[in-house]
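Quick one: structure below, then a few questions.
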């Protein structure tokens, strides 16, 4: 299946808008979920660092790798 | 089955419970033979109510087990309930029903259907006039509702009584009455566990204390 | 371990996209727009799989009273809900050019919608309970009740659908399944699966940290 | 054991008699909701006859839903629920008794009132009977599945909305078969299968739901 040109690829037989918005939304949701999780983890580490002694942080980061 | 007197009827083995993430008590143990009464004391929030709810199976302990006549209450379940009478903080009295109906219903459900007639007797001994016994319970005072709740338990045939602050909201007369009923029950070979803040005398009864809230593990000291 | 799954998911998604756009032929009737199927169907599979896994971990949790399996069930729920949403979104976007309607009351799509409600119910129940122990066990029970009802709902909707509209072409019974199309969907499904594992494990780790922090806060609070 | 089952149902009915307003308000809600639709859809009997089964059934669903919180909430508040759990009878049996009592106070009255509303929608004769039969056959399942939701959301903030969120998706099969039965009757088609399916759902629900509901109660009163 070869596409004539890049424009044709994006036009997607005139239905490009539907195809790309579907793929776009999916990508948005998947990446969004990953980022939200990472942010949540970073915030947790910060609260832990303030509340707890330094040793607890090393313990968490050590079992990270 | 005649109760053998030396055989410990009611045993708790290193019970532990928590509220949310906070441990309330841990390794609480005691063994009660027939004719013994255990008083659970401790400051507010030390877990007295939680312990009593664990003892009657309303709540799962985090660790440890409770045995009635040598068997874990989780296995016994309905059989255990047949021998148990529990009065908690909440009276369990339906406001729309009259005291008579409340006690009669409880009596019928506890498979002691025969003495539904004794409901008026139970209520009157606890100081509720016949006229009061016919009013919808919601019009009664807190103390009177407490008596209705106690009337349900004090005159049944249950061998094990677990009361959570039975004397709360009761006047001096009622307290003496209830204390007397409990002492008679224990003297008659029953077992009782109760928590209370007032130091109420139980004549002729071997009383044991369990202090909760002490940082180290609490164990039942013989008086 | 999580980075491994995340990397694997990324690689598989790339391969899947390549297959779906460059290997799969143009469809005779629907032209190019049918390519949405390469995310619509895997998302539907994943939404089902997550719910079943959630119920399995819930059953495990209730049986063994194991905190970790409750957490796994809790971690699966948001991802499953998102996949259901993706499936619904892509389904309606595919329906618009092909059938002219944004929402087609087709048996599969309707039961997917109800599955979304079940997910939302699960998340709402878990959110409404503060005590972690009760939250775990109550939501586990709901997941079990839900998983028993999903097949019943699916068959009753299918029965209702054929009753009112006759056997209309079902949206996911796409045109003749060329081998490459099936391959594309399989790869994407695998990719989504790897992605789910990575996200779920990461969320469980967060959950552990959170409960750890809450306990420590109370502990340090008590000491200060 | 069985006498306890009927004792509990007797008490529930006695309570309901003392609180007469509950059943009445349920029926009034049902009638009002069904009577609202013509204002939205227009009074032509043709269209009303078409949507009658769906409207009546959705209204019955919502009415049952609203009365579900009454199942355990009062007992939970005044401590009667604890006593219920500590009875020498299996909790599952007691929950079944509560569900049957709840059905007698919601499902049955709705089934009796429904034909009157059918008249309002231009239905006559057999469809009315089928409507009442369908609601009578399907509503036990509503009460049973609803009991699980009520037990799960006991004592939670936002209980009402949360309860509907949990329970309505599970009501969908009952709604489909129930409305299907009445719809078939309206169009003169065979409605026997629908009624059988409905009663099958109800029987299954009455057997399985008390188990889940009892477990949920044990979790809730902790």
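Letters are used for the chains, namely A, B, C and D, taken in the order the chains are written, and counting of residues starts over at 1 for each.
In this text, a contact is a pair of C-beta atoms (placed from the backbone, for glycine too) under 8 Å apart; a residue touches a chain by one contact, two chains touch by 3 or more.
Note that the structure is predicted; figures quoted are calculated from it, not measured.
The greatest centre-to-centre distance from chain C, using averaged C-alpha positions, is reached by B. Distances from each chain's CA mean to the overall CA mean are smallest for chain D. Chain centres here are Cα averages; for chain B and chain D they lie 37 Å apart. Centre to centre, using the average C-alpha position, chain B and chain C are separated by 49 Å. Remark: chain C and chain D have CA centroids separated by 31 Å (rounded to whole angstrom). Put simply, the C-alpha centre of chain A and that of chain D have 45 angstrom between them.
For chain B, the set of residues touching two or more other chains is empty. Each of residues 222 in chain D touches at least two other chains.
Counting only residues that touch two or more partner chains, chain A has none. Considering their complex, residues 56-60, 78-79, 81-82, 84, 86, 88-97, 101, 105-106, 108-111, 113, 136, 149 of chain B touch chain D.
For chain D in complex with chain B, the touching residues are 3-4, 7-8, 11, 14-15, 18-19, 74, 77-80, 82-83, 85-90, 221-222. Interface of chain D with chain C (complex): residues 148, 152-153, 156-158, 162, 165-166, 168-170, 172-173, 176-177, 180, 201, 208, 212, 215-216, 219-220, 222. Touching chain A in their complex are the following residues of chain C: 6, 21-26, 31-33, 35-36, 39-40, 43, 78-79, 82, 85-86, 89-90, 93-94, 96-97, 195, 199, 202-203, 205-206, 209-210, 212-213, 216-217, 220. Touching chain C in their complex are the following residues of chain A: 1-3, 9, 12-15, 18-19, 21-23, 25-26, 29-30, 33-34, 37-38, 40-41, 44-45, 47-48, 51-52, 56, 60.
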